[in-house]
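What follows are several structures.
Here come two complexes built around chain A, the first alongside chain B, the second alongside chain C.
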Partner chain A sequence: MRKALVFIAKWIAIFILASILVFVIVRMMPTTPVEKWLDAYHLPRTEENIAYLTAKMGLDEPLIVQYFTWITGFFTEDWGVSLISGENIRDKFLTKMPYSFSIGFAGIILGGIAAFFLGYRAALHRNGLADRFSSVLTVFAQCVPQFIIAILLIYALGVRLKMVAFFTGDGIFALGAAIVITAIYCAGTLSRVVRSAFREQMKTSYVKFAISRGFSKEHVLRRHAYKPVLSSLISAMIARFAGVFGGSTVLEFAFAIPGLSTMLVNSLGSRDYTVLQTYILVVVVWMFVVHVILNVVLQLLNARGDHEE
Partner chain B sequence: MKSKVIIWLLFAAFVVFLLVVPHANVKLTDLTSVFQGVSPEHWLGTDNLGRDLFALMVVGGQRTLLVVLIATVLSFVGGSLLGMLAAYRGGILQVVIQFIADFVTVVPSLVVALVFSGLFGFSSVMAGVVFGIGNMGQYINLSYGLAAEVKEHDYINAETSLGARSPRIMFGHILPNIARQLVVYMGNNASSVVLQYAGLAFIGLGVDTTNPDWGTLLYDYRIYMITNPELVLIPMAAICLLALFFHYAFDDGKVNQEELTIYD
Partner chain C sequence: MKASRKLLALALVGMLAALALFVGCSSSSSSSSSTSGSQASASGSAASSAQADDSIVIGCSFIAGNLNPVDSAWDLTAHGISEGVYMQDAQGNLVSRFVSDLTRKDDLTWEAKLTNQVKFSDGTDCDAQALAGCLNYLQKNNEMTNGTAGVVTFTVVDDDTLEIVTTKPTPVMQSLLCEWCNVVFKQDGDNFIYTGPYMVKELDSDVSIALEPNPYYDDKAANRPNVLLKVFKDAATMQQAFQSGEIDIMFGLTPEVAKTLEAEGFTVKAFDAGYQYFAFANVASGPMADENVRQAVNMIINRDDMVTALNGGSVASGIFAHYYSFAGDVQEKTDVDAAASLLEAAGYTKNDKGIYEKDGQPLQVKLTTYSARADLPILMQLASSELTEAGIECSTEVVDDINTVLEGGAYDVVLYAQHTAPSGEPSAFLNMALAPGGSRNYANYENSEINDLLDQMGKTEPGADRDKLSKDIQAIVAEDLPIIYLVDPQWHVALSDRVSDYEPYCGDYYVVNAQLGL
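For the complex of A and B:
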């Protein structure tokens, strides 16, 4: 209970700090959206024009007021409109979120599942094929950028073999490819975590005892040692999630998936304050959701373990 | 051990080479000589704008190394210090430092770097600082965990009761005991900085294409993959080799040595 309270308090603090930082940083930009808007419509930057637009965009109010309007709006489903195009930001975000979020989340879950089985084989046969493969995969993920694989994949499957149309149709192949690449990149390091967690279990006396009673080695690992291993795997997944989400940004760009990052890139060009601010908040909230989900799973695993003991 | 020395010598030679080698102006385009092969004037040929690929690669390499240097020094020094401090002092300081670590780990540093480069223009120093701060969280957690373990040993208590001052205990006794693991982590982290920077340059926001980065080159040349594969392969190989170097150069056989178990 206490732990849960600390967890929530921490996340509220993270949210407040992140929102203040992004609010201040966005306002330190060298060019304002007012100037960008005028340039976009080829209007002169006269004092009148600037004053009119500043008032219209609500940028003339005191910063404190602007901040609170924005934050309260965020929680009351009024995310405001894009300063440049006048579109409703909330609708825009809601249509794009599924793409970005599914790449990160599905990628790390798939990667975690693959890592569990790979790590299991790797722990079972030291220096065996699976062990070598998981090492190679780890080094590979650390030394080859994801977007290179994306380029090669598009070239091989799309251009050479003409099997898959990545950039036309509903983009389902592009999304699938991005998820698979994310999963492969997670699987390497995570499988090492699983492997060392299994090896840690192999040293324990209950494993030795079960084996000496005649249970097969595989049986002992699969039936009894998996819980603490799953715990370490999920902790590792939680720690890596921000990095995975960052990586999916690049993949989204490489495969031209119409997700949040593509939108971010476009609104950066036009200095769209509201979109930028909201983007960071949405990312923080998404991180929070993922941490909650994985932490709950972690707690359930541990609770069940405690109960049986 | 010997192979490590060779790797480091090669790397030193590579850095010196990057810094001193004379190269053509990277901003010079020459549309009469595009896609030229390897020649004495153009060691790696020219690209779609007639720019000298060798010069582009050299400048890109310098920029990448600068980013890696800034990012790793910042997060290594900052992260190890904060982590040790949190473990040694405890109390409110530990809560604050732990919060900083959580905060920077939770906010994806690539996203932050994207926002910064969109707002203030893309520069390698900025990228280095953002990655440095963003990766600090992992160092803090690592050095905190290690230092908290070392702190429990009797000889630290003995030092304290003998009246040794805190800086002396932290730098003279705790740091040497945890440095090895931190350095191994730094190697892995340096290679991931190489990749992060390449990814950032690949997306290339508000990019000033006159400043070539390996990632930017890959983005520019990806459409010539079929006609001129070498344009893509060279920056690709450079990124992978540099990342591979950092991965192996800081690797330490003494860390992660494993005992045999009943299964072996």
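For the complex of A and C:
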């Protein structure tokens, strides 16, 4: 109970600190949204124009008032409006979120599943086919940028073979391709984590003892050693979940998917303070949720592991 | 392993839930985002419906965020949805479907005779009352409309006549009514209805906007196909979409991409951008404060090379596009020998390394530009290599926010791009760039002769006399060089076979014009 309270208190502190930091940092960026707006429409930065737009965007209020208006609105589901387009930010997020969430979440989960089985096979046979494939996949993910694969895929299937319409229609091909690429890029590194964890387990006395009793290596690892390995895999996946919202910029650009990343880049370009602030807070809340869920899963795994051992 | 399977099953269920969430949210969100105007319907995805009805698909880098004329007038006009009271035709003339005659009654009062032949896209008449109502609304709700002549009041005199009263005198009422913020619209509750050749079928903010012909625009409406404007944030992606046949029109081609697509057999057209590529010289401080150095730099730059590198356009003859009657008629020539004489006259001599120096200090010029206009860094590199070859030590910089650099004054030469006559008249830009206190007169340049000519221009009605004043000012600028003219550019557009006859004009302002698809 005490642990849970400390956990929640820690996240409340992170939330408050992050909200203040992001509020201050976005305002320290060179060029204001007012100036960006005037530049975009080739209008002069006259005092009158700046004063008019500053008032229109609500940036003439004292900073403390702006902060509390924003932060209280965030909790009451009134996330305000975009300084540039005037659109409701919450609606905008709900429109964009499914794209980024699908790419990030489904990609990581698929990658994790693939990594588990690939890592398992790699651990069984050192320098075997699976082990080598896992190594190649890891190096490939670290050396070849995602956008090159995306471009090659579009070029082959869309431009040359004209088999797939990535950019028109319901966009399901673009989304599917982005999920698969994300999964492939996750699977390489995660499979090495799984492999190492299984190899560690193979050194433990209970595994050695079971094998010496005549059980096959596959049987022992599959039936008894998977829980600590899953714990390692989930721990490695937690960090990747931070990128679920906005971490797929390259793929969203390459496949013209209108996700949060595209919105984030646009908002950075136009210095849309309210969108940027809200985005960071949403990521903080999301990471809190991820930590809660995955910590519970880890606790369950550890509890069962202890019990079985 | 049983527990492991359970976990895997849980993960798979989670993944499916994520996909289900996607499908659910995307359909609900597209409904919510597509109801922002009465012209917009509220179902499905714009892109998928467009594919179904064989729309012309246009790849672009932005679309209107909403249908409100206060926020999105420029974009809505660019999409062919709204119209200004006056618009530019392909030759740069100001034309109006709303006003047949505009007469100045006194310094502050004008009379507009209306054609009364325009209908909104819902079929209602755009009469004097509607016209005055929307223009007064914009005067009240968008201060940008007050820039040229203060607050302007539109009053209905009779069914065919509007009285227009300005707060400050202006001789260019047509241009004022051509400014991007003065669009004609009708408000119906929270919805906005326009008069352009197209009306919104579906708006998916930041993603795509589906248009259908406005049946009341003219008698050719039935021949116009539907149009889909789809946003691409990455030029390479847009190029692939064009090559794969998924889009029909691709704007914003770089010279290299234009050449590539041309070589692949696609139709690529160059069209007058309206924008001008020029350079602000810092006449207040640094090496460019010396008139001889400015003249030398101006003579060293080879504009023909720039035109070749951009694969289109022409050497600038002033600060306005060549098709305007008020465009300059300056003839810029490259003359490296004359430039050397000027530098020597200014006290510079070449050192052992072939660099000009004075009092032991090398002649260093810093060129600065920004990446948002892809052509400018190309021009900057060309200018840099030519200046270096001629003996001027040259450094280059590409920045994100060029206006802050200009306002800060820490520059020698800034390469810049701007549509210098978006409302079809010259005085707005000339005043901004050359008059004392002008918002684009970054180096506080002042020339009494130019000031006099600008004053005269402020009192002269459009016509030959006003055009001559504009040309005279541009000739003085070419001598004094607070601004260095570079290129009157053409931009490139790639067109699929079904729209290969389309002729866009006026840069990125009229992306969709009434001729599309006819």
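Quick note on the criterion: the second predicted complex is superposed on the first by the 272 of 309 C-alpha atoms of A that agree within 3 Å, B and C clash if a C-alpha of one lies under 4 Å from a C-alpha of the other, contacts with A are read in each partner's own complex, and residues count from 1 in each chain.
Note that a residue touches a chain if its C-beta (ideal position, glycine included) is under 8 Å from a C-beta of that chain, and two chains touch if they have at least 3 such contacts.
Values in this document were obtained by computation on a predicted structure and should not be read as measured data.
Of the two partner chains, neither chain B nor chain C is touched by A:Val292. Using the contact criterion defined above for the overlaid structures, shared-chain residue A:Ile71 touches neither chain B nor chain C, since it reaches no partner.
Once the two complexes are overlaid on the shared chain, A:Val180 sits clear of chain B and of chain C alike. Contacts of A:Ala254 after superposition on the shared chain: both chain B and chain C are touched. Shared-chain residue A:Val265: touches chain B and chain C both. In the superposition on chain A, A:Val284 makes contact with chain B only, not with chain C. By the touch criterion defined above, A:Ile211 lies against chain B but remains apart from chain C after alignment on the C-alpha atoms of chain A. Of the two partner chains placed by the overlay, only chain C lies in contact with A:Tyr52; chain B stays clear of it. Once the two complexes are laid over each other on the shared chain, residue contacts for A:Ala239 go to chain B alone; chain C is not touched. On chain A, the patch touched by chain B and the patch touched by chain C overlap at residues 30, 151, 155, 159, 253-254, 265. Residue ranges on chain C touching chain A, taken from their complex, read 1, 3-4, 7-8, 11-12, 14-15, 18-19, 21-26, 28-30, 32-33, 45, 47-48, 50-51, 57, 65-66, 68, 71, 74, 143-144, 147, 180, 204-207, 228, 230-234, 236-238, 240-241, 243-247, 400-401, 403-404, 407, 418-419, 422, 432, 438-440.
Interface of chain A with chain B (complex): residues 10, 13-14, 17-18, 22, 25-26, 28-30, 123-124, 126, 139, 142-148, 151, 155, 159, 196, 199, 202-203, 207-208, 211, 217, 239, 242-243, 245-247, 249-250, 253-254, 261, 264-265, 268-269, 271, 276, 279-280, 283-284, 287, 291. Of all residues in chain A, those touching chain C in their complex are 30-31, 35, 39, 41-46, 48-49, 52, 82, 84-87, 91-92, 94-99, 101-102, 105-106, 109-110, 112-113, 116, 151, 154-155, 158-159, 162, 165-171, 175, 222-223, 226-227, 230, 253-256, 258, 262-263, 265-266, 297, 301, 304.
Those residues of chain B lying in contact with chain A across their complex are 99, 102-103, 105-111, 114-116, 118-120, 138, 188, 191-192, 195-196, 198-199, 202-203, 205-206, 215, 218, 222, 225-226, 232, 236, 239-240, 243-244, 247, 258-264.
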